[in-house]
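In what follows, chain A forms one complex with chain B and a second complex with chain C.
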Partner chain A sequence: MDRREAKDRALARYRQERDWFAFLLEAAGMMNTPEGQLQVKLLNILLDSKQKVVECVENDKPFIAAYFCTAPELFTAMDLPWFMIMETPFLGATAPYIMEDLQGAEEMGLGTDLCTAIRLPIYYIESGQMPVPSAVIGLLSPCDGTTMLQQILRHNKAWHNVPLFCPDPPYTSDERAIKYFAKELRQMVKFIEQHTGRKLDIDRLREVCEESNRSYALWQEYNELRRAVPCPHGWEIGGAQAFAVSQCFRAGDPRCTDWFRQLLECGEAKVKAGRGANDYVPEKIRLLWFDIMPYGWIFEFMPWLEQEWGAILVMDMFSNFPYTLIDTSSEETMFHDLAKRNLMDVPMIRQARGTAENFSSDIVRIVKDYKIDAVIWPGHMGHKDGAATAGIMRETCRGIGVPFLHIGLDLFDKRYTSVDEVKDKVSQFFTGMGLG
Partner chain B sequence: MPTFDAQVSSVAEYVETLRALGRPTREFALPASVDGLREGLPVRVGAGANPKIILRGDTFVELGSPDAGSCAVVLWTETPSLIRDGTVTLIGPDVREAAGSSLPFGQIVLVGGTDLSAEEHQAIGQAQYVADQIEGYMVRSSSRNIWSRVSNEAATRGFSFETLGRSLMLIYKSSLPKVQAMEIVFVTSSRDDVLRLNDIARAVSDISMEIVKEHWKARGFDLECDLDCRSCHDKDVCDDVRKMIAARARKKNKAAAGQA
Partner chain C sequence: METTIKSRAFEELAAAAEGIMNPAVQEWREGGGKVVGYFCSHVPTEVLMAAGILPFRMRGTGSTGTELSDAFFSSINCSFPRHTFNQALRGEYDFLDGLLCVSSCDHIRRVYDNWKQNLDTPFIKIMSLPKKVGDPQAEWYREEITLLKGELEKQFNLQISDDQLRDAIKLRNETRRLQRELYDLRKAQNPAITGAETLAVMVAGSAMPAERYNALLKTLLHDLNGVNGTRDFRARLMIVGSELDDPEYIEVIEEQGGLVVTDSICYGTRTMWVDVDEQAADPVEALARYYIQERPSCPRMNDDQPRRAQFLRDLIQEFQVDGVIGERMLFCDFWCAEHYMNKMDFKEAGVPFIQLDREYITSGKGQLRTRIQAFLETMGK
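Coming up: the complex of A and B.
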């Protein structure tokens, strides 16, 4: 295979994903509601970031592969296009080819007990279906699976010469840990500069962090609205989207702030009008879904929760707002606060990297603030780190008197536990707890 | 079990330092009993007392925003005599003196009870996040410190820091029967004054984590892994890596010395 063919092959799936989102954009454009327009704005931001990566591959320009939790504000400040290695499971798991890809991963011999969020990128890398970047920022937390993903890169023929840097996350969450991780981020910047030719300008970083702060401040304000009874939005709007807009495409971009501003306006209008997540079913159960949403089968499950049970997803792990804003007064404070955010605040890393206490204390606070009636820990098969704390979560919920359900499923592959089985378990739970 | 008694003394020293620096300080003596606390409150207190969220446009004053500065500390002791029961100290302007502004906010809650133990530790810490329990007052869902709002309506009805202190004491004493004494300090004088509390807050956070770990351990759960290198299965690998790093560093230094 010559270089051109390899490039085309690597871009085929990426382009297909871009086109899937372009299709969704077309559909969202037909929704003449403020929330529909929000979707349009989000998809435009997403498509633009994807298109930039495509252009980089086609024109041999530098771009990197990284993660949402590797301080994406730095990439924006360096004007460096990037994509998330786990982009498909996180953002594109609704795409129609996912089952085909999961099948492909199995045929490749990848174990079905391996987290699907990791299995899919391994499949794309091994089958040459992921764009090969100029450099990779790897991830060493929150689970062993992510570490293994880096090992795959080092053994893959197309990737093994791609420079790789993994900021080392300490286990603890004290000031010493933050300072250590800030140094790691500085090393990461040096590494990126060396391998992409882009330079970090501190004044530009300040601008980006200030823009990021504006986005985050609006997000926090919006999250207060989700405390309202009824909750103004459910699973579709505002929650996980806010995570994606703030961290997954181009962090610290005015378009993201604009999106949050409109989200807040939509939410405030609904709260003032006393309107809930949807007009066809009243809110009966306020849910905390304490993980990623089940993107592989979300359209088969989440609308059912609302229609069948009046169960509104008021909060989930990725919509939660434990963040603090970045102090932009100096280079040191910016790196310090970026380190804090990416080590201690961002979802999954926050919960599963360090002590199990974060699972417990987050649940207590969210249940109280958001008037949660039931907590669901989906028990994603890949979240073995979290599985070890299911007992702690259950005890915590017992202590505060809120029903807790641990299901056991795959958030991306509905063959693991069928959607009907999940629905049955949830129905039995709601009935047994007197919630429905 | 580690205790917060040293930090209780540090809080007294902190207040005295600010007083000595001439910060305007007011003290309110409140009743000890739950019934006494409830009397004279200008707003309702209890579950569901603040059913609606306070929107930006309905806010009279915001307390402890990231720009203004915030620090919140909750301490408890088994020696109630260390605490001046019913005392609310306010250092800085009160609510009515700050219409439309964003004040820095320090909140120190001191709780005493001879029967208090690790069992109550988390509940004592969580009780400061009042959710919907104080009419016209909303603590925002920020995971660190207290960032809150007082509504226009509550301010019109006379909501003050005395009201907030009274409400917090009422919530604590009615939901945690083992609490015998309570004292609260509010600081609104300046961002610097509030951030001076950070040293106490860090010490409290460390002790708190130890109590939480011990408490879960007693219930049969380990909150963290055993990170002792001596018992780690990968010790040999780490030792080899360190040796390799040292060898490479020596080689590099030698080469650099040779070039010089």
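Coming up: the complex of A and C.
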């Protein structure tokens, strides 16, 4: 395969994913509601970010592969296009070719008990279907699978010579850990500068962090609205998108801030009008879904929760807001706070990187703040540290008197536990607990 | 365990591996000695030894079920912590004065959380083990060891001097040297000791005072001197993987004619192939460098896969290995991916390789036998 063919193959899925989002954009454009307009704006930001990567590949310009919790404000400040290595399972899991790719991963001989969100990117890397970047910023938390993804990436012949840097996340969550991780981030910047030719300008980083702070402040304000009864938004808009906008595309981009402003206005209008998430279904159960949403089969499940049970997803792990804003007074404070945010605040890393305390404390906080009626720990097959925390979560919920359900499923692959089985378990739970 | 070795020392060592409590630990306790359990070979046991505490490596030996720990863990968790924590909930580890963990893997690190919440062991700590092998990581671990030292001093009301640390390092290095001598015997055409017997000896090393263990091991080496070992085997095998503390598992493999002559497992070469630097000015730094940078690593350490692959290639050559068994406990992501890479590397090098997924407790022996027979046949042995 020559270079051109390799490039085309590497971009094929990426282009398909871009086209899939373009199709969703078209559909969202037909929704003449403020929520529909928010989706349009979001998809435009996403498509723009994808298009930039395509252009970089086609024109041999520098771009990197990274993750959401590797201080993306730094990439924006360096004007460096990037894509998330786990982008497909996180953002494109509804795409029509996912099952075919999961099958491909299985045929490669990867163990099926390895997290699907890890298996898919490994498949894309090993089969030459992921754009090869100028450099990679790897992730070593929250789970064992992510560590191994970086090692397989390094082992792959096409990626072997691509420079790779992984900031090392300490297990502890104290000032010493933050300082250590801040040093790792500084090393990461040096590494990016060396391998992409881009320089980090501290004044530009300050601008980006200030913009990012504006986004986060609006997100925090918006989350206050979700405490309202009924909750103005459910699974469709607000939470997970807020995470994607602030951390996956262009952190610290004014368009993201603008999106948050519009989200806040939309939520405020609904709260003032006393309108809930779904105009046709009254809110009966306020739900905490304590993980990522089931992106692989979200459209088959989440609407059912609302329609069948009046169960509104008031909060989930990725919508939660435990962030502190970045102190932009000096270079040191910015690196310190970026380290804190990416080590201790961002979802999943916050709960699963270190000891189990954040699983319990987050549940208690969210249940109290958002008047939660039931907590569901989906029990994704890849979240093994969480699986070993199930007893602690159950006890925590028992302690605060809120019903808890642990299902056992695959958030991306509905063959693991069928959607009907999940619905059945949830129905039995709601019925047994006298909810709905 | 069936054995042809005629040695009282071996009998005592093998007995220590067969259960959790053994006479040496019992004697230690009766003499007023403290015992701290630990998970993972990245725990710097030398610090415990320097404090006069007996380090005891956690196992689920003798467990028959997980009925108590199932309330805390899930079916997608590795059976090693499930069985071991079950043993703890049953009171089998009530003799411990402390538990020391490192942030080793997703399953084991949660034993710490569940233990802390449900058991009353006086001292419990988890150390933050870096995931890379560079100088900043060695420095981080040096600080972690210093913190551990301080906490042990406070908890057990004692002082740990640099000289005590150096003595502990020397004593532990002596264990490593003797274990390497034992492994040297396995390089012979007809090794005087089988893989199953060796594993029993290695496991015993983590379950009794080092002085006693070293004395027994010296006697065993003396007893094995000049002994003509097993000739009745079809192939020389290496076993690669994680926590394997049950000699019976290897016994099943060897019954089929696959003599296990070396390994890279958590109780094997990775724990003793190199020594801690005894001449270093700062013994804490020497320990940090050893555990992060110098000892053969496991897949948990991120940027070290090429060195691990080289280590396996060296072992294959040194021990004249015909084929490699990659063992992995179900739901282990580290070894799932590592063996995926090993498989490709061995294929390229023309080394026969088989991956065997297993539960912590040796079950499904029939299936294991069939897989091994088939593997040996594909090797033309």
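Note that the second predicted complex is superposed on the first by the 436 of 436 C-alpha atoms of A that agree within 3 Å, B and C clash if a C-alpha of one lies under 4 Å from a C-alpha of the other, contacts with A are read in each partner's own complex, and residues count from 1 in each chain.
The rule we apply is simple: contacts are C-beta pairs under 8 Å (C-beta built on N, C-alpha and C of every residue); 3 or more make two chains touch, one makes a residue touch a chain.
Source: prediction; values computed, not measured.
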| item | value |
| --- | --- |
| Superposition on chain A - do chain B and chain C clash or fit | clash |
| Contacts of A:Y171 with chain B and chain C, given as first, second, both or neither | both |
| Touching partner for A:K371 - first (chain B), second (chain C), both, neither | first |
| Chain B versus chain C as contact partner of A:G391, first or second or both or neither | both |
| Partner chain in contact with A:L288 - chain B first, chain C second, else both or neither | neither |
| Which partner reaches more residues of chain A (counting touched residues only), chain B or chain C | C |
| Chain B versus chain C as contact partner of A:T355, first or second or both or neither | both |
| Chain A positions touched by chain B in one structure and by chain C in the second | 171, 354-357, 391-392, 395 |
| Chain C residues touching chain A - in the complex, by the definition given at the top | 71-78, 81, 103, 105-107, 109-114, 117, 126-132, 136-137, 140, 143, 299-300, 302-303, 305, 328, 330-334, 336-338, 340-341, 343-344, 357 |
| Complex contacts: residues of chain B adjacent to chain A | 51-53, 55-56, 66, 122, 126, 129, 131-132, 138, 140-144, 202, 206, 209, 212-213, 216, 219, 221-225, 227 |
| Touching residues (chain side chain A, partner chain B) in the complex | 171, 174-175, 217, 220-221, 223-225, 227-229, 268, 271-272, 321-322, 324-325, 345, 354-357, 361-362, 364-366, 368-371, 391-392, 395, 399 |
| Residues of chain A that touch chain C when the two form their complex | 109-111, 113-115, 118, 122, 138, 140-141, 143-145, 147-152, 154-155, 164, 166, 168-172, 176-177, 180, 183-184, 187, 352, 354-357, 379, 381, 384-385, 387-392, 395, 406, 408 |
